[in-house]
Amino acid sequence: MSATEAVSSLPVRVYWEDTDAGGIVYYANYLRFAERGRSEWMRERGLGQVLLRDEYGIMFVVRDCHITYRQPARLDDLLLVETEVLTVRGAKIAMRQSIRRDGQDLAVLELTLACLRLDGRPARIPPPVHALITPPSADNGF
Amino acid sequence: MSATEAVSSLPVRVYWEDTDAGGIVYYANYLRFAERGRSEWMRERGLGQVLLRDEYGIMFVVRDCHITYRQPARLDDLLLVETEVLTVRGAKIAMRQSIRRDGQDLAVLELTLACLRLDGRPARIPPPVHALITPPSADNGF
Amino acid sequence: MSATEAVSSLPVRVYWEDTDAGGIVYYANYLRFAERGRSEWMRERGLGQVLLRDEYGIMFVVRDCHITYRQPARLDDLLLVETEVLTVRGAKIAMRQSIRRDGQDLAVLELTLACLRLDGRPARIPPPVHALITPPSADNGF
Amino acid sequence: MSATEAVSSLPVRVYWEDTDAGGIVYYANYLRFAERGRSEWMRERGLGQVLLRDEYGIMFVVRDCHITYRQPARLDDLLLVETEVLTVRGAKIAMRQSIRRDGQDLAVLELTLACLRLDGRPARIPPPVHALITPPSADNGF
């Protein structure tokens, strides 16, 4: 993983579609932003979503998500989605993501992802994928 | 089609998710409401989306949509999505839909739908489906 | 609250808009379903979102949400969103919601909502609203 | 408009949120992509959405949209949203947008936008805005 940073950072612009009549970003849409961040985190490691599905026959799904909302994002804001893998164990990935503006956290997510076969059954993360997604400093108990 | 009305009417409540920072329903979301109306129109005729896919191996996709926005819908509004089939010819359905509040059109859609196999190739509408969706008074040239 | 049940139950149909290319409901969309459930919970108590905004000058925003995904929902599924208030204290509401199909939990949410003025500052829940939303059996320490 | 091209081009990646259970981009989401393209077209001319609202007291809303779907977009696709103003007359803008992949049109939109005050009433486009958005070669009859 020498060519990639442990933390991936994706810029996201806030458009009308993301806001609601309260004038701020609708609460579910931070999860859309976060998923974009995770997809780009994977892509930086050579793992596009279609490749995962078609080459490895897997997809990652969220099992558990804890999101804390600290400050609202607004129309036209330029946000950064920061994505970090904490641990990779067996069929599970623990991630931390934050959605930031001007260096300040607006929303923070802690997630557990599970690796599934395309039929929905749990799958062990294939070793080549595992090697690409494991953070270098972590003891992942693999 | 004796058991069903030619025009189907689906109530839709406007929630926060549907609005934008302008305080009104975001323009793309009328197409979501319209698709719900078309799905319920099909369901009233015994044609759920999963049944169409799994029993008949088809899905209907929009080829062409002309939408006119007349008045904005707002948070908490109770809307009616009215759906009407105009003609059914070969692999194509012409529909008209309106999204109304208190008897007034807020948005009007004219659509052409195409029948596709699941691999994306055009398919003639299966005769049992054709019989169920054809409006009774129309000369559909089948 | 004699006229209303402590737990509110809202039917939600899964449409194409809710699904993703994995064939299941996209993970952020359970939060949309949950917000519909909370809005209807409020409406059953006479508290539409527009009334809260225009009469009381408040809105409720999610501060914290923990969602666990147990089973996926699919196209055409008829779901129930069950919404329950656990406690109401000062400016905060603790809620539990579950999104169910055939009596089985698909997703479970635990949330904290905060009451805000329209300018975004925290507001104490107005007493008439407080009285309407407090569960009858709870010691809410108001 | 010497510093900007007449046609603006915005890259858009397709994420899970954009797709549906048919494995393709959901039909309403092309309108979300198109609105991002229009917002960036405006931003390239110095006209952010917040500036339009707060400095000029206006917003642009879609009055009429004709969208033709030619080929489906899929997960992980990298699309280009091309946006072009055709004419600007009084309070109306006629635009053409196409959503492309590898030089091929997937969806084509023809739209009429109206300029509104924030209270929803029609507004003449303010002359400084008019000057910035008018295509150089067009006889716009202003």
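Labels A, B, C and D are assigned to the chains in the order they are written; within every chain, residues are numbered from 1.
Going forward, a residue touches a chain if its C-beta (ideal position, glycine included) is under 8 Å from a C-beta of that chain, and two chains touch if they have at least 3 such contacts.
As the structure is a prediction and not an experimental result, all values here were calculated from the model.
Engineer: Which chain's C-alpha centroid is most distant from that of chain D?
Structural biologist: Most distant chain from chain D: C.
Engineer: Identify the chain pair with more contacting C-beta pairs: A-B or A-C.
Structural biologist: The comparison resolves to A-C.
Engineer: By residue number, over half of the contact pairs should agree; on that basis which option among C-D, B-D or A-D is the same interface as B-C?
Structural biologist: Having compared contact pairs by residue number, the answer is A-D.
Engineer: Averaging over Cα atoms per chain, report the distance between chain A and chain D in Å.
Structural biologist: A distance of 29 Å separates the two centres.
Engineer: Report the inter-centroid distance (CA atoms only) between chain A and chain C in whole Å.
Structural biologist: The answer is 25 Å.
Engineer: At what distance in angstrom does the C-alpha mean of chain B lie from that of chain A?
Structural biologist: Spacing between the chain centres: roughly 35 Å.
Engineer: Give me the residues of chain D that touch two or more other chains.
Structural biologist: Residues 16-17, 22, 28, 32, 35, 74-75 of chain D touch two or more partner chains.
Engineer: What part of chain D is in contact with chain C in the complex they form?
Structural biologist: Where chain D meets chain C, its residues are 16-17, 19-24, 26, 28, 74-75.
Engineer: What part of chain A is in contact with chain C in the complex they form?
Structural biologist: Those in contact with chain C are residues 22, 27-29, 31-32, 35, 59, 61-69, 72, 120.
Engineer: Chain D touches which residues of chain A in the complex?
Structural biologist: It comes out as residues 13, 15-17, 32, 35-36, 39, 48-50, 74-76.
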